[in-house]
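Presented below are the structures under discussion, each in the form of structure tokens.
Shared between the two complexes below is chain A, which pairs with chain B and chain C, respectively.
Take a look at the complex of A and B:
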């Protein structure tokens, strides 16, 4: 009986404490999946400011960037987040990929180095996260080493996960394929670019916060 | 009238004994006939390298890789030896995510064959 009371009061206290403190939510995923686009949309909606630059060139985000105290109000509920946008995780970085976008050779090499550092930085931040939103490009094959490694490691660290299948505005997008690749996780199909299905995303975000 | 061996492309003048006995190089007895003027044209262009732009060269490489199934696929898993990051050349890196995610492994960078840097500042915690 004493044990039950003790754990109840502990949970109550933790619950009260959590309401005041912001939850650290990291945006992870492969490059060009739309992590910054989604983070920008959330920040813009609730703080009026962007978090970072978005580009068609992969590895545009090469450093971890964050926004403190993003207060999300949805259907009478409030969630305060520290939103952490991370560089895209990849297994290969090749400066020649950047040359195709008209970036000069030396600049491309510098970019490749920063992108590699960015990946290491992203992984180092993982332990600080309370929960993670994995942003995937729904038009790409979900069964990649990057996706599976990220998700597998979050499970091992017992970090709650929400998977976002982004870019549903694209014809090639297949949310079902993402869902069947990761059947144990909640998947929300959205378009960060066009703002489609964001209500469902916010609902899922509140559910994710409850799992912490 | 010249003949060309269909196997090794060796060219023989009309009336050469090889047309009957077989190609000197590959012993093949299959030849095809080329008009004299065409042969001169072919020989004139033999050592002339085509002028290609960087984009055309890239496209050719990409096409050939696709044809022979050597397409550089970003989905090909990367598993390195014991290093976590391999620098292939400036601006080209391979990352072993399993090792980078592992909390109790030091980060090791391979600079070239037999040359490594161990990042001691990142002494891993036990899992």
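Take a look at the complex of A and C:
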């Protein structure tokens, strides 16, 4: 009994006095929504380096990639993040889709295989996140089951969520539609490509970090 | 690529009672077993979020190992409760806890047959290939 009490008080004290070095923020969403573009934008702004490659071909990111200690300073406040960019989650992978982008058959098959493994990796990483930014393409229908599944899993794990409606530079973009699909969440419309509305995004990111 | 016409369409309806006592692995295995046999599965009820995630994970593992299997289309439709009274929402919540979310419908089909499931809050539209 004494042992249990000692260990409990030790853990309590450690929890009280240990300052969290950085928080783990995951970037999740369907393929080609602009997760890596947004992660690159943040990393470039605050570390001077990119996190990964971006491309018009879906599933360009096929492995989880990180950037440690990204220190964001905004309006006198500082936030230190471990930024985790994940492969886009989908329910199907067809290597023939890659052929349309001029990729050769063998390479397309290899890419498809890596993409399936990337999706599994993304899902398995959900448990390790402190908070998640869901990046959606604002020009696409937000009522996709993948989006709902990702959010449902985060809610079940009590992980705070911020939804980013990306690609507002496109004519077809409808931030309101994203907002009405997910009325219980904060939605920020941005263009990661053009750097539009990033101030509002950083404000929302600080609010997200407070919910952890 | 030539357009292939669907010659026959097989739907299988699963009452929630048939899967409610199965473990996550067993439920997902049952659904994917039917999908691999080119059936469109309609579940009277909905899977939990973690089961949906598991379904996607196991689907991806199969895409890697089963020839010509490219994945699934998945959609859930639930009754529209916004705008209804608190009592209705409470009743629905209680029923959900007692007998599972039996008012929802889950549709899972092989992506080779179901090209797209268009979903908005009130309807599901299956576009077949």
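Here is the rule we use: the second predicted complex is superposed on the first by the 192 of 212 C-alpha atoms of A that agree within 3 Å, B and C clash if a C-alpha of one lies under 4 Å from a C-alpha of the other, contacts with A are read in each partner's own complex, and residues count from 1 in each chain.
Simple rule for what comes next: contacts are C-beta pairs under 8 Å (C-beta built on N, C-alpha and C of every residue); 3 or more make two chains touch, one makes a residue touch a chain.
Since the structure is predicted, the reported quantities are computational estimates derived from the model, not experimental observations.
Peer 1: In the superposed model on chain A, is it clash or fit for chain B and chain C?
Peer 2: Result for chain B and chain C: clash.
Peer 1: Would you check which partner chain A:155 touches, where first means chain B only, second means chain C only, and both and neither mean what they say?
Peer 2: It touches chain C, and chain B stays clear.
Peer 1: For A:119, using the defined touch cut-off, is the partner it touches chain B, chain C, both, or neither? Pick first, second, both or neither.
Peer 2: A:119: touches chain B and chain C.
Peer 1: Using the superposition on chain A described above, determine whether A:109 touches chain B (first), chain C (second), both, or neither.
Peer 2: Only chain B is touched by A:109; chain C is not.
Peer 1: Kindly classify A:89 by the partners it touches after superposition: chain B alone (first), chain C alone (second), both, or neither?
Peer 2: A:89: touches chain B and chain C.
Peer 1: With both complexes superposed on chain A, which partner does A:145 reach: first (chain B), second (chain C), both or neither?
Peer 2: Once the two structures are laid over each other on A, A:145 reaches both partners.
Peer 1: Show me the chain A residues, by the header's touch rule, that chain B contacts in one structure and chain C contacts in the other.
Peer 2: In chain A, residues 89-94, 96, 112-113, 116, 119-120, 123, 126, 141, 143-146, 149, 153, 156 are touched by chain B and also by chain C.
Peer 1: Where on chain A does chain B make contact in their complex?
Peer 2: Listed in rising order, the residues are 89-96, 108-109, 112-113, 116, 119-120, 123, 126-127, 141, 143-146, 149-150, 153, 156.
Peer 1: Tell me, which parts of chain C touch chain A in their complex?
Peer 2: Chain C reaches chain A through residues 1, 48-50, 52-53, 56-57, 59-61, 63-64, 70-76, 82, 111, 117-121.
Peer 1: Quick one: which bits of chain B touch chain A in the complex? Just the residue numbers, please.
Peer 2: That would be residues 74-75, 77-78, 85, 90-98, 100-101, 103, 107, 127 of chain B.
Peer 1: Would you pull the chain A residues touching chain C in the complex into a rising list?
Peer 2: For chain A paired with chain C, touching residues are 89-94, 96, 112-113, 116-117, 119-120, 123-124, 126, 141, 143-146, 148-149, 152-153, 155-156, 183.
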